[in-house]
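Each of the next two complexes has subunit A plus one more chain, namely subunit B in the first and subunit C in the second.
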Partner chain A sequence: MASAQESSLSTNSRDRSSIRNFFFSNEFGLLFLILVFATIFALLTTGFTSRFNLYALGRNISIDVVIGFSMMVVIVTGGLNLSVGSIGVSAVMFGGWLIEGMGSNLPIALILLLLGGGLLGAVNGVMVVRTGVHSFIITLATMSVYFGLMIWLTQAEAFRNLPPEVATFGRTKIYGYLSPLLLISLGVAIMLAVLYRYTSLGRNMLAAGANPTAAELSGVNVKRTFILCHALSGLLAALAATMLTCRTGAAIPSMTGHIGQDWLLPAFLAPVLGGTLLSGGKVSVLGTFFGAVLVSLLTNGLLLLQVSEFWVQAVLGALLLSAVLLEKLRNVVLLQNRFI
Partner chain B sequence: MTQENVFQEFGRKSFRTLKNCLLGTTLACLTASPVLASDTRVALVPGGPHPYFAAWEKAGQDAKRDFGLSGADYRVPQKWELSQQNQLLESLLTQGYNGFLIFPGDPVGTNSIASELTAEGTPVIALAGCLKQPTPAVFCLGTDTGNSAYLGTKELIKTLGGKGKIAHFTGFLVDPNTQLRIDAVQKAANETGGAVEVIQVIADIDAPEPAEEKINAFLAAQADKVDGIVTTAWVPAVVAANSLRKIGDKRIKMVGIDHDEVVLKAIKDGYVHGTMLQNPYGQGYIGSFAMNKLRSGCKVNQNAPFKSTALTNQFIDSGTAFVGRDKVDTYIGAMEAVTKDLMASFESTYLVCN
Partner chain C sequence: MSQQITLKTSGISKSFPGVQALQNVEIELHAGSIHALLGENGAGKSTLIKILTGVYQPDEGSVKLLGQAVSFSDTKEARRQGIAVVHQERHLIPRFSVGENLFLDRLGEKAWSWVDYPKLHEEAKPWLAAVGLDLDPQTPVKQLSVAKMQLVEIAQAISQKSRVLLMDEPTASLTPHETEKLFSLLQKLKEDGVTIVFVSHKLEEVLQICDYLTVLRDGQNTCTSQPIAQYDRQDLVQLMIGRKEQIPAWQTREVNRQSPKLELRQVSTEAGHQDLNLQLYLGEILGFYGLIGAGRSELAKSLIGYFRMTKGEYLLDGKAIHVSGVSVARDRYAIGYLSEDRKSEGLILQHDVLQNSGITVWRKICSKLGWLSDQQVTNRVSPSIDKLEVKTPSLAQMVGNLSGGNQQKISVAKWLAAQVEILIVDEPSVGIDIKTKAYLHELIRELADQGTSILLITSDMPEIITLADRIIVMDDFAIKGDLPNNRNYEEMSTGIMNLIHS
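Our next item is the complex of A and B:
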């Protein structure tokens, strides 16, 4: 009886601790901000809660989420992948060529383009582990190399005769306001959460990122793990670009901007806001998801408030800075109160 | 100074040169019908910040006043990104804009958002750049870029005496107009039977930093080997004009494009032979007029004398004109004349109104 009471007390204590930890978590802070800003925009703007706006917002969120994930899986290693945009556009241009140039059917082209993205990511990883040069330098170089090769091979011509199902999928509305692209990003989030929480591969990635030497001594093949992280990043970048292709209905050389640099801000904002450590070893899939939601929400709301388009970028930059400073402040408060 | 800031500065300069233009008032007299209040709220949306589009703001303001529109606002995506433009367009639709004049961020990719806008009952006109057919845009009103580049090169060849070596500085490689311009310059050179040779094409430089770097490097290495320069994008024209002034070279003849103050002053001072004007004000003004008509029940005349380009067979040329030293002080008049001509017969030629 006494043992049962102790067990019950222990369980209750753990539950309270989990709930308390959640309320002090980065994810809860982001969720709170999302709800606050959504309420403000709903009250101050016309059309924020309209079906079209909710649909468009959801679609933008879905792409930003996957872009954020493509950076997050490399930040886990303590590295960066500046070439996510270049890999993404190169992969979909490869897919476009398979369909229009080689007559491939859509599912096969889709699989091959995702593998192509993974391959380009793996090339980054191989160069990083073989040379020992920081991934910032390697991917800074490959973002130009991949993009340049793509422009040279395609002569900057878009693949515009893709099967109509591509654009139709991108324009599909579930119940009038939900984009199927959002379901894809949710699916990716669940798979990544399972990877990091329940698989040895995911735990190896976290261990290798936190302390490569210790991980190596524990039997983790750190180099192979880093290459896999970069390959996963390339695959996710290719997936994000595929989703964007569904949005535009064509594979376009400029879809991620010049040398893919348009993706850099969303790629960094989501994981950094979400609490992924830039030094590696800690990841937050839910936080990255919420980070992307917050960024897309703010962009949408500020545009609806008719804030000058030029100020939106400044606000997003200030948000990034505020998030970092608030995180520092929160950690200090929690330490002082011995919550952590 | 960032690229955006430079563009904004260029834009302000361009706007100043146009602010005294009374074109809108003049053109209003050409519309016989009295101005009635309209619920048409037009958004004029370029692909990103660029000085070329600065004249659209005044064009929208004048159109709003002259045609009694509910609104005609110039809204600029913060960067040259297709996704940024798409987000802005989605937001503008949510805000209640019901007519869109769009410079396509991509001639193919913008078709998707254009389809969504038209599905919501808002017409779309492609402005200054065309959408690739099939497209939901009712027509494309812009400069015939290939023809403009061709005519500019012919002017350059004429001033060179029909022979020499020329260089061509042009815009972004991902812009489909760029290849048209490159082909047009080459075509004009080929027509000389080898007397004129295009010794170098420098593309992808319609931004201050790459333009400064590449044009200055070219002139440092090959200024003595080149006789003429033709530029077919705004920023390269400005940078090349500045560079020729800095090195004090009046031997090299140059034909630029557009109406930046730097280029106009270089023409006056003899560093640049002339410039090919485009008509951004007319595009914005006439485009707003046409949008209001379309929303009032007019239809596009399918038998209208549309031109064909590589992208569309429903192209309306907003006009181009060469301005040399003799006309540089009255260039606004040249733009007015082109716009007046087009405006005078636009409704009867391109629209069917009951």
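Our next item is the complex of A and C:
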């Protein structure tokens, strides 16, 4: 059959070009940088390779990865979600109230707080789709609204009497230096990769993000798809905050910073470093994962080198800028050489 | 006529990835004349205009302005040298005053210098008078009609001492009366020694107002700067499409017109149609002829639920339906729409062939939980892609890198794969080569023979007479009439023109 031949031929050439392209890719660049910095830190600092530090680093990585994903799934639409930090902390405070205030058991509280995060995300999505206002403005507003409501409802009181399983899970060590949180973020990464690669919904998200009009006229329900992207973002933010709660052992109103701003830099850094297109329609789950690893690694290593916290922030900011500029440059070079 | 030559190009060539847009193009513009630049869509007119105005740089060849070789690094440079363009769409800032818009690029000497508004508005007056605009320069542009905005743009061009004025489809959105006024202004400018390049699809207007003629076809000259007096309408058509307006000797098709497949009764839409009635029968090819802006694409988009219907009945197989969105039209009622604008509405250029051709079938072929693999999509779309003979190195090729003809084939392939019962085809042969066009025509006929009802929107007269069983003429969002196609070109084209101007 001609069509069978055609398809096998195209799969082959896809494999070949993907191997060649891997060395030009963001993912490869990030892996390279991760190895370089890991080597530098291992040589220059004492304690970088200690079991304790690797364990702590792994926990940080796993949270940063999920924060990065919570932004990535909205960047796919060509938009963004500034309220990830607010949604995250609001969701875990809701969970804490369910447990301490309502006496609900842990699994139910967990499910409800994740759904709560998804709901706050969906509210963002509905407003973006209905008003046509850019998600920057909508989520800038809801970032303050969600955080304000949460502070008002909780009277800024933390929930410190969570079931012991929460903190125990956060402290668990596999082989002495691996955190189970890392497995959660790996699981999320695999699920997202499957979503974009092997489901109709994921493909709709990419198509609608790349060209909403063309997708709509081809029969994709763009509005619903965008709302789902925002809901997924809220759900992932809630998950990241839950993982953070496992680490700290308590749900604290200030755990993501004032109005959740501590999360903004890692949230944007991971997907942008990873090669997710800010204009939408292209995503790299692996890249976002590596991006978050690099961010956590740099933070950890610089702190071990006794660089002050403020300088670490400055370095991360500079990293975001150079990632955007490099991406621009890379595209120009690739275009000129007709690689893409 | 012994007129001075203002601008002359020789051997202009320009290519883009996969396309030779212009090849050895020559044009010679005489001072104080109106020069028609004709060609089908995709023939290279807009590329040539973009080269003359500094948007693109030619790969080869030279441009001479008053005998001096020039090369424009950007549009500003071209404008400084006296070449201005008035585009088909308006490019004014709506909230700014007429005067500000007129002098937008020289509001002050330096970025920080004070704008002297009284002086600016005073200086605007003579230029507005020169184009016959009697209005206060302080009026915000957004209060003007489209025709007046166009005159402001012309005033802007002549205030910059432009020697050459390029006008792209200037009458596309004007009423007949406004068109007459524009033409008398162009005559006046011409007498003042301005060179005007007139790009239009309306051949009657071209014959009425132009002095010289240049025609492009597939990026090459088929007529170079000849006096237009020696040509008639048929000649222009032949120069543009390379043959007379003749049609393949296909049989007239039998269509059973007992009960309509799709019917509209007294339908009004949010796009602006009022009380439309329409019947489309099983296996029929119904042609929709009209000028650009007649409301045909908007009607198509209303049929698939992209625009809302505000009144009236929409029936499919005799049953009233409500189409709330394109996904409903596609999945529940098997209606598809092949957009005229494949770059921004039809395809996702940065995605690959497989994603683009599979977008209409993901929902249909995925499992209950939404699982989908590339292999499943490939199996579903390969027959369509093979049938259309899409030339692509692989299914993983980015669609933006393919030629126009192959892009169009992918737009078609995705709707073939969707297996719709009603297919709306909007301007299927814009910007594609003749061979692909002929191929698409055969395909559309074949689909109709197999029972697909086709609604064919086209502004290409030979195309509609080739394909349609019945022709509906639309103008200004209203249906002007309905003609059975007897495939006699003379008779049909006269009939269609009479309906438009009735």
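The rule we apply is simple: the second predicted complex is superposed on the first by the 321 of 340 C-alpha atoms of A that agree within 3 Å, B and C clash if a C-alpha of one lies under 4 Å from a C-alpha of the other, contacts with A are read in each partner's own complex, and residues count from 1 in each chain.
Following the convention adopted for this analysis, a contact is a pair of C-beta atoms (placed from the backbone, for glycine too) under 8 Å apart; a residue touches a chain by one contact, two chains touch by 3 or more.
Being a predicted model, the structure only gives us computed values, none of them experimental.
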Which superposed partner A:Thr299 touches (first subunit B, second subunit C, both, neither): first
First, second, both or neither for A:Ser218, with subunit B first and subunit C second: second
Which superposed partner A:Val145 touches (first subunit B, second subunit C, both, neither): neither
Touched partner set for A:Ser254, first subunit B, second subunit C, both or neither: first
First, second, both or neither for A:Gly281, with subunit B first and subunit C second: second
Residues of subunit A that lie at the interface with subunit B and also at the interface with subunit C: none
Subunit B-touching residues of subunit A, taken from the complex the two chains share: 46-48, 50, 52-53, 56, 60, 63, 151, 156, 158, 160, 167, 170-171, 244, 247-250, 252-255, 257-258, 262, 299-300, 303-304, 306, 309-310, 312-313
Of all residues in subunit C, those that touch subunit A in their complex: 17, 301, 304, 306, 325-327, 329-331, 336-337, 339, 344-351, 354-355, 358-360, 362-363, 366, 369-375, 378-379, 382-383, 385-386, 393-396, 398, 401, 414, 418
Subunit C contact footprint on subunit A (complex, rising order): 2-3, 6-7, 9-11, 13-14, 17, 198-201, 203-204, 206-207, 210-211, 213-221, 281-282, 338, 340
Contact set on subunit B toward subunit A in their complex: 4, 49, 75-84, 86-88, 90-91, 93-96, 105-112, 115-116, 120, 132, 172-174
